[in-house]
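Next, two complexes with subunit A in common: one pairs it with subunit B, the other with subunit C.
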Partner chain A sequence: MKFLTFFILLTITTTASAYVNFIGHGYTSCLNCHYNPAGGGPLNDYGRVVGATAISSGALYPKDWNEEKVAYTSGFLFRKPKQNWLRTQINYRGFQLVQSPGSEANQTERWINMQLDGRVILKFGENDKFVSVLNYGYAPLPPGPKIQGVKNQTEWRSREHYLGYRFTPKFGVYAGLMDKVFGLRTIEHIAYSRSIPQMAQNDQVHGLKGHYLGEKWEMFGQYFVGNLAQDENLRMKGATGMIERTIFDIHRIGTSLTRSENTFLTLMSYSAHAKFNLKEGSALLGEIGQTSKDSKNGNTEEVSRWGLLQTYLRPVRGLYVLTNIEYKKDDVNMEDYTVRWGPGIQYFPIQRFEFRFDIYNERNFSPDSSTKDRWSYLLQTHIWL
Partner chain B sequence: MKKIFILFTLFFSLITLAEDQVTVFVSLSPAGSFTAVSKKVKGNLKRIGDNFTSDKISVTVESFKTGIDLRDEHFWKHLQSSKASSSSKITLTDLKAAVGKGMGILEVNGVKKPVTIAYTTKGNEVLVKFNVKASEFKLSKAEYLGVGVEDLVKVEATFGFKSN
Partner chain C sequence: MVIVKIFILMLAFQSLAIGASDIINAFKRKDYHTISDTFKAAPNDTYTRQELVLISYSLRQMEFYRQDIKLNVRLINQKFKDRHTKILAAIRQGDSLDGDGYPEPLKVLYWNLLMDFSHIILGYDEKSPILESDRKFFNSFSKILSELEFREGKVDKINDQVLAHLEYLDKKVYQWSTSFSLSYVSWQSEAKLHGQGQDIALLVTNKGFCAGGDVGVENYLFHFYVDSCFLMGSGGIQALPNKSEIDYQQSNVPAYGVKISPGASMIVSTTKSRIGFRIPVIYSKQTLDDPPASKGYEALNEAPLSIITSLYSRWQFNRWYFQTEFGKYISKESTFWGLGVGYTY
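Moving on to the complex of A and B:
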């Protein structure tokens, strides 16, 4: 049970959250709303206004506020910044995790403060062509004693810090500690498509990233040397790349490839994904992929596969109804596989607040038997200032 | 059974009923797009033989919806940004078309320009397509907090028509 809690704690958080489903609002690229062209991390001014006027419900604003007023108050401290070069943000996430709900013997529940970040952005030049992003904050350590031999086990650390320069609106280079670019950056880092290829919330790396954004194509290439805060033998060094193409003007398809290794392990993953704009804020997301994990010490190789299908339906402004279906096969040579599915509701009652309720049902299947269902639910709170 | 048949026929009729509509496809910079849709189209399109004609088809600027209220307001303001604009309508006049092609005079922001259209018909509906450059209608480059609008805009319009 402790391991399961630890696993969910590791995977559920959305440190550098991205909302891929916002392709349903017509935004095919993350660059419109984020300083990081691959998404996640601080929102730019446009992203904050979109959050206030398109994503969040307008029901709780004073009746004499028009949309311009709502947009004006989307800035830090509820006002429009007086200068163009400095932005600050605070971001908090916490959730109530309930496992085996309704079971007298097994039900557990706890509140977890998942993330408290302070963000400072310096930006200069036309269209913010030079950006410097520092994202420092709190993330809980796994429960239990600290792991022997691993340094820097602290709850306060830099989530990301990087410099970026866009030579042209189409091409930019970014250097520093960032998330790796790979596949769909779904908000659920519990997703197998994030955890199996090690693209989850604590897998940032130091490196150099190039980004090209054309009329139809968007490409990323990233070379990395691991997270320098880790012991050297643990750092995953390698490269990753992703290509996306816009189809039928409003949808996107893409493919990703990554390879990395440290003293103990070599990882190689590839995936294909699609993002469909269902209009009016609704979207359909899908991804399939494979990861091969080569253990150097034991000289063993394990190949895993996964699939993800998500629907986001937006009946009214501020509300998204989710359906999530996932599949994984930890070892393609075995017949066991796992399916996880569940509905969810994501509600933005007013700018700066997100509440989310997810139900997860997970079951492992094998030719001879299947495990009992594992149920859990999450009540998540996200506040950004 | 009879009621079910009537209901089915009514439902099928409703979903296949021609609805006049103008859709403007706008590309964003650095990426993305949005559509502005108006279903409040006024005017008549006539078919005489293989020819289509219309004296005037118009749509009010404020009838366009883009999916975001703030963007609606910006869209409306931008389309009437010129001092020459005395009307809040977009009009297509003197439309003459045959064999899938045609010409008309488009007025946006108080500026009149001839436009070449392409069209296809399906039943009593005609789908008209044409591209325009916003700059040709004295519309300045639109930008909001670093996100801009591409100059070339695609327009699609669906009209029902009367045959004479």
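Moving on to the complex of A and C:
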């Protein structure tokens, strides 16, 4: 075990999260920077270099360092890996969450260690034709009592493990535990567009995923049997698909459809999204969608609708100013809806470090009431060693 | 008489020799100041070719580019007038030139002139008629050197620098800008039930539209403007929980007003996306119904005039743009949101 730990540490390389808004740097497809073509999880070598150069600020490097030198140091111990078949990465994300700031009666503060992952990637063949990804780590359990039916509820578990093979550069197949492909994969797992259709950070499923990447079109199809860590009657089994098309050479529009069910619930969601490249790192992201939850026991159906608009501006390299605007209507037959609105700052002072500050201002709109807004802010730290 | 003439000539040679010696010695000491002063004091004196080269170099070191231009032009006229005339004629007629057929010193003189004009142009911090004149000369010497195929890579690099600087001078000029916009907005305001003895706070949550536009000036980096729009919307009103002893609630109460926002933005991309701050002043009016007379309260709209500090962003798609605004009322918990589209004239 000690040898394994030592071995992993020796071969650790950089990892960062590439975000959807990096379309503002011209990256329309996640496959440019990730092993997983749908994004998320470990970065490939090119993604690490992009993270070190185009994304992170260059202000803290010595003046005589050029981009090539910075790119060269994007690997572990500031060196290029000496072999091509193994990559290891460590990733940490934690944040300070403050709710109802300034309120003597209601203010709460807590530090949450959101993620601590160790990642091992085996890759072989030309252009990493074959990949094997294991992502094991810490994620906090939801507050409150343990979830019924979920086996081995522990904070340490596999977040994803899968094998992938690209038959051609355009077509690949992936099998294992992965995130479901659906809509805009924003980093905010509390976003309504992720939580309502159950596409949040702990909603991975075992399944088979096909991916096609053409000149203009990118398509995903995924069949899944639920998370095998859950009791069988709770596993959400189904399929999901997403199609994106590049428009005007630099923008993307897309649509997603997913259906899944277990013994108690049938869930169906569909959405349309758009990603606009406003050049030099600035981007505009939008998504609208609808989810119907059909309870088999009570024969009740609830249809929810949501919208997401994320705007990014990059005043200087490494710094992104964003606005997060979300819309949620829990029941389309009711007039009530909620809007969550907030500015934020995302800063990459140097490769391997990301700091983020988000304000959330949530307002309910109802013909029957007028309530005070809910406020919270979040200070996030993301480190990849 | 002949002896006198020879004597005078010898004296003249001696004085020239002393001057020449001064220039060379000063150059060895890198005393460009003395050299340029010597030349400026006696520009028409006779200098050797080596001295003139040293003087030209010194003038450039001292950033006396216009004096160096005069010197180089004088040298071209003195030494290479016919060839220079022939080059100009060939370029005017569109004939090609064989660079090998022209002497290296002439090409170096053209190079010096190109460098002088490039330095002069790069020194301008705003556009002017003199700049246009210098630009024409720069273009001429750039064309000559390209035709002569002399230091082509370096000439291209200097051309790029000058073009970039001229573009920068164009872009930094502030121009008037106007636009029309329509935004979906939500804002909160405070009201109260005024009664004998105590007041009960009411919260008003409005949503609606704000139609208007902005007028201002902008260059490639900054935008300063005043935005104003008419607010039209409606809102729900309710007594704040735990603070009311009566049940007061109203829906869809019409609201009207004006929002005037001086603002400044920084333009952060070539597509003219921008981010900045505004200080909106909102005047909004809503008529609240009084509770039943038996309750003894009167509904009052409080502080219809409010000041906000807001963060403003705009994404430009050619003339159309998309904008967001998030603001917080000064000294209040309430916020203002805006999300809209606009068109730039």
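Of note:
As a working rule, the second predicted complex is superposed on the first by the 361 of 385 C-alpha atoms of A that agree within 3 Å, B and C clash if a C-alpha of one lies under 4 Å from a C-alpha of the other, contacts with A are read in each partner's own complex, and residues count from 1 in each chain.
One rule holds in what follows: contacts are C-beta pairs under 8 Å (C-beta built on N, C-alpha and C of every residue); 3 or more make two chains touch, one makes a residue touch a chain.
On a predicted model such as this, the values are computed, not experimentally measured, just so you know.
Of the two partner chains placed by the overlay, subunit B and subunit C both lie in contact with A:E280. Within the superposed three-chain model, A:T371 lies in touch with subunit C and out of touch with subunit B [touch as defined at top]. When the shared chain is aligned, subunit B comes close enough to touch A:A54, but subunit C does not.
By the touch criterion stated above, A:D128 is placed in contact with subunit B alone, subunit C being left untouched. Contacts of A:G26 after superposition on the shared chain: subunit B is touched, whereas subunit C is not.
Contact with subunit C, but none with subunit B, is seen for A:R314 once the two complexes are overlaid on the shared chain. Applying the stated contact rule after C-alpha superposition, one finds that A:R363 touches subunit C and leaves subunit B untouched.
Residues 279-281 of subunit A contact both subunit B in one complex and subunit C in the other.
Of all residues in subunit B, those touching subunit A in their complex are 25, 28-35, 67-71, 73, 144-147.
Taken in their complex, subunit A has these residues touching subunit B: 25-29, 31-32, 44-46, 49-50, 53-54, 58, 66-68, 70-71, 127-128, 169-170, 213, 218, 249-250, 279-281.
Looking at the complex, you find that subunit C touches subunit A at residues 186, 188, 203-205, 207, 235-238, 240-241, 249, 251-252, 266, 268-271, 273-275, 311, 313, 315-316, 322, 324, 326, 333-335, 337, 339. Of all residues in subunit A, those touching subunit C in their complex are 276, 278-282, 284, 309, 311, 313-315, 321, 323, 325, 339, 341-343, 361, 363, 365-373, 375.
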